[in-house]
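As written, the chains take the letters A, B, C, D, E and F, and residue 1 is the first residue of each chain.
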Amino acid sequence: MFGKLIEYQDASPEVRAVYDDIMATRKVDWINNFWKGLANHPATLKQVWDEIKQVMAPGALDALTKEMIYIAVSVTNNCEYCIHSHTAGARKKGMTDEQFSEVLAVAALANKTNRLANGYRMAVDEQFR
Amino acid sequence: MFGKLIEYQDASPEVRAVYDDIMATRKVDWINNFWKGLANHPATLKQVWDEIKQVMAPGALDALTKEMIYIAVSVTNNCEYCIHSHTAGARKKGMTDEQFSEVLAVAALANKTNRLANGYRMAVDEQFR
Amino acid sequence: MFGKLIEYQDASPEVRAVYDDIMATRKVDWINNFWKGLANHPATLKQVWDEIKQVMAPGALDALTKEMIYIAVSVTNNCEYCIHSHTAGARKKGMTDEQFSEVLAVAALANKTNRLANGYRMAVDEQFR
Amino acid sequence: MFGKLIEYQDASPEVRAVYDDIMATRKVDWINNFWKGLANHPATLKQVWDEIKQVMAPGALDALTKEMIYIAVSVTNNCEYCIHSHTAGARKKGMTDEQFSEVLAVAALANKTNRLANGYRMAVDEQFR
Amino acid sequence: MFGKLIEYQDASPEVRAVYDDIMATRKVDWINNFWKGLANHPATLKQVWDEIKQVMAPGALDALTKEMIYIAVSVTNNCEYCIHSHTAGARKKGMTDEQFSEVLAVAALANKTNRLANGYRMAVDEQFR
Amino acid sequence: MFGKLIEYQDASPEVRAVYDDIMATRKVDWINNFWKGLANHPATLKQVWDEIKQVMAPGALDALTKEMIYIAVSVTNNCEYCIHSHTAGARKKGMTDEQFSEVLAVAALANKTNRLANGYRMAVDEQFR
């Protein structure tokens, strides 16, 4: 990777504060590489964590549904890291094997029909607007 | 668009059979343009409908969750037709304005962090595998 | 669009030289908007035309096969202009409605299975390497 | 990967039926990882195989042309597995090194001009509609 | 669009506070549609504005360079709204026609060579790591 | 990879001529894998090198700005090879760690807002046209 993984013991106070909040919020005792990498640029680390904490919290959608949407987007973009980390996150929130397979089947189908609609240049029906 | 929209009265028996099944399954009395366009190639029409009927039916995930995943992928790929049709489909299944905004917020966030993970070349943590 | 469409009568000699070569090579008597737009930056105009002329000429693949590959990529990226211009180009080279529909069906399928392979994180078989 | 590779001897009768059809259709005596992975969700396995069998069979386009379109899309999306498996598939159907290089040159060019058309916001010519 | 454009006079105090900050920061006296649309979900409005304000401010890179990077990404993803708004933003910061054309030429080239590297499956040189 | 890496001593005169020009232009004494791979198809090798030499040379934009735009696009498409090679190229031209992190922060933000604009179907303001 670019930069190095910033471990807790080597981190500045501002980075440690984010790490502490991640561990407290998620009730875990370790920090995954995504955050250790972002810590090379503390402003990005803090900005991204604040956003994830806000956006991924339960709201009108529950936390598991949000994780599954995250997986579907990451699969569409083929982000290996994100597929792994959010699949792990979703499993922790209760996602079953069957649910995971259905997320992939829906994501795959959408990627397919997106191109059929693009290719035939379908006009949006007035009823949908 | 390419080809023309095949209306019910102009459709062959095999196309009509699919149209009838779409209307019966969805409990609607009209056919949207996506299907009228695919009807230019009846084999594709039938194949896509059979898949959508199977994949989008309630299973380990409920039908609304599936529609929201569909929206997130369509937004990622910027398929105008699919964003409109599946947002309409999700609303019909009960999606609120707040839920729609959360789908978009999660999809947007995933598109962002996918690129941060790509850009820093983060290695997948052993704990996630 | 950005810039303006540069018409033949308003074009510089270097732009006219490209326009003349496009019309002679394609045996047409008009210039489509893509080139009139690129003419805002003559170096890009010439570079792109030289490449298209070289790459799209019949070689180990015939010209129609190349146009169909072009359509499949443009559909994947949802480039409206390119879908229209290359579908017109392919039709001129003999593409039938049935062939067009098969191009879209294959492109759609590939977009789908790409995500299934991404999502399940399939390892490449040794036999394929 | 997610799930495990389902080998023939461990497969359920419905999965074996698909495996048997794959081997018979393709005249091979082994199953590649894509199918062994999809077998974690037999409904997806069967759905995808039925579609590939139908869509990739010779029709208005020959089987090799279809494989080359598949490669171009997979290269655009950067699906490592699919690039490998369909390049192997195309070679088996006779694709030469020169043809492979031309597929890539066309796919690369289309990815480039798609962005030029996007960036300059070219309007589609009436002649193309 | 989805939702409606929230005009200043109809906006809640929290939305007005963001609008005021946008106008003050950018030294403009109007609000563009992107913000009026996001105002349907005030939490997203505020989150996105805070991020844009932080990330797009001059830092190690000047503001114009950042706008041009934004254009290149938006062209790659074909986001019509973003191409227009950030091209306008870049012009306001001094981008010339020639610079705009070079942004597009580089973005187009990168989209092309990305696929050549993907397609040939080039291994990263040790010297680059 | 597909094909093999063509080393200088095994290269034809036309390939050597390109290699020599690359080394002279870049003032380096080695050839990276991208070119050794493209050399499997000399016409592509020459075409791509000529384009990169022209497009990436300092013009209305300096060479470092061009490299950073290249990185942002490659990160959006997740081309591992290109991210590595152009990050190395940018560093050689003076890119600092802070600048690299800002390139990624802008690219990530653009990928996010592209989807918000897509998802809400924002209409382009007249003022931007």
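Basically, a residue touches a chain if its C-beta (ideal position, glycine included) is under 8 Å from a C-beta of that chain, and two chains touch if they have at least 3 such contacts.
Keep in mind the model is a prediction, meaning the values are calculated, not measured.
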{"item": "Set of chains adjacent to subunit D and to subunit E", "value": "A, B, C, F"}
{"item": "Contact-graph separation of subunit D and subunit F, given in steps at minimum", "value": "1"}
{"item": "Same-residue or different-residue interface between subunit B and subunit E, half as cut-off", "value": "different"}
{"item": "Most remote chain, CA-based centroid, reference being subunit A", "value": "C"}
{"item": "Pair from A-B, D-E or D-F with over half of its contact pairs in common with A-C", "value": "D-E"}
{"item": "Length of the line joining the C-alpha centres of subunit A and subunit E, rounded to whole Å", "value": "21"}
{"item": "Length of the line joining the C-alpha centres of subunit A and subunit D, rounded to whole Å", "value": "27"}
{"item": "Sequence positions of subunit A contacting 2 or more other chains", "value": "2-3, 40, 43-44, 47, 51, 55, 76-80, 84, 87, 98, 101, 103-105, 107, 109, 111-116, 118-121"}
{"item": "Chain contact graph, described as a line, ring, star, complete graph or other shape", "value": "complete"}
{"item": "Contacting residues of subunit A [partner subunit F, same complex]", "value": "2-3, 40-41, 43-44, 47, 77-79"}
{"item": "Of subunit A, residues touching subunit D in the complex", "value": "78, 87, 97-98, 100-101, 104-105"}
{"item": "Parts of subunit C lying in touch with subunit F, wherever the complex brings them together", "value": "43, 47, 51, 54-55"}
{"item": "Complex interface listing, subunit F residues touching subunit E", "value": "1-3, 30, 32-34, 37-38, 40, 44, 48, 51-52, 55-56, 59-61, 65-66, 68-70, 72-74, 76-77, 79-82, 84-88, 96, 98-99, 101-103, 105-107, 109-125, 127-129"}
{"item": "Contact set on subunit A toward subunit C in their complex", "value": "71, 75-76, 78, 80, 83-84, 103-104, 107-109, 111-116, 118-121"}
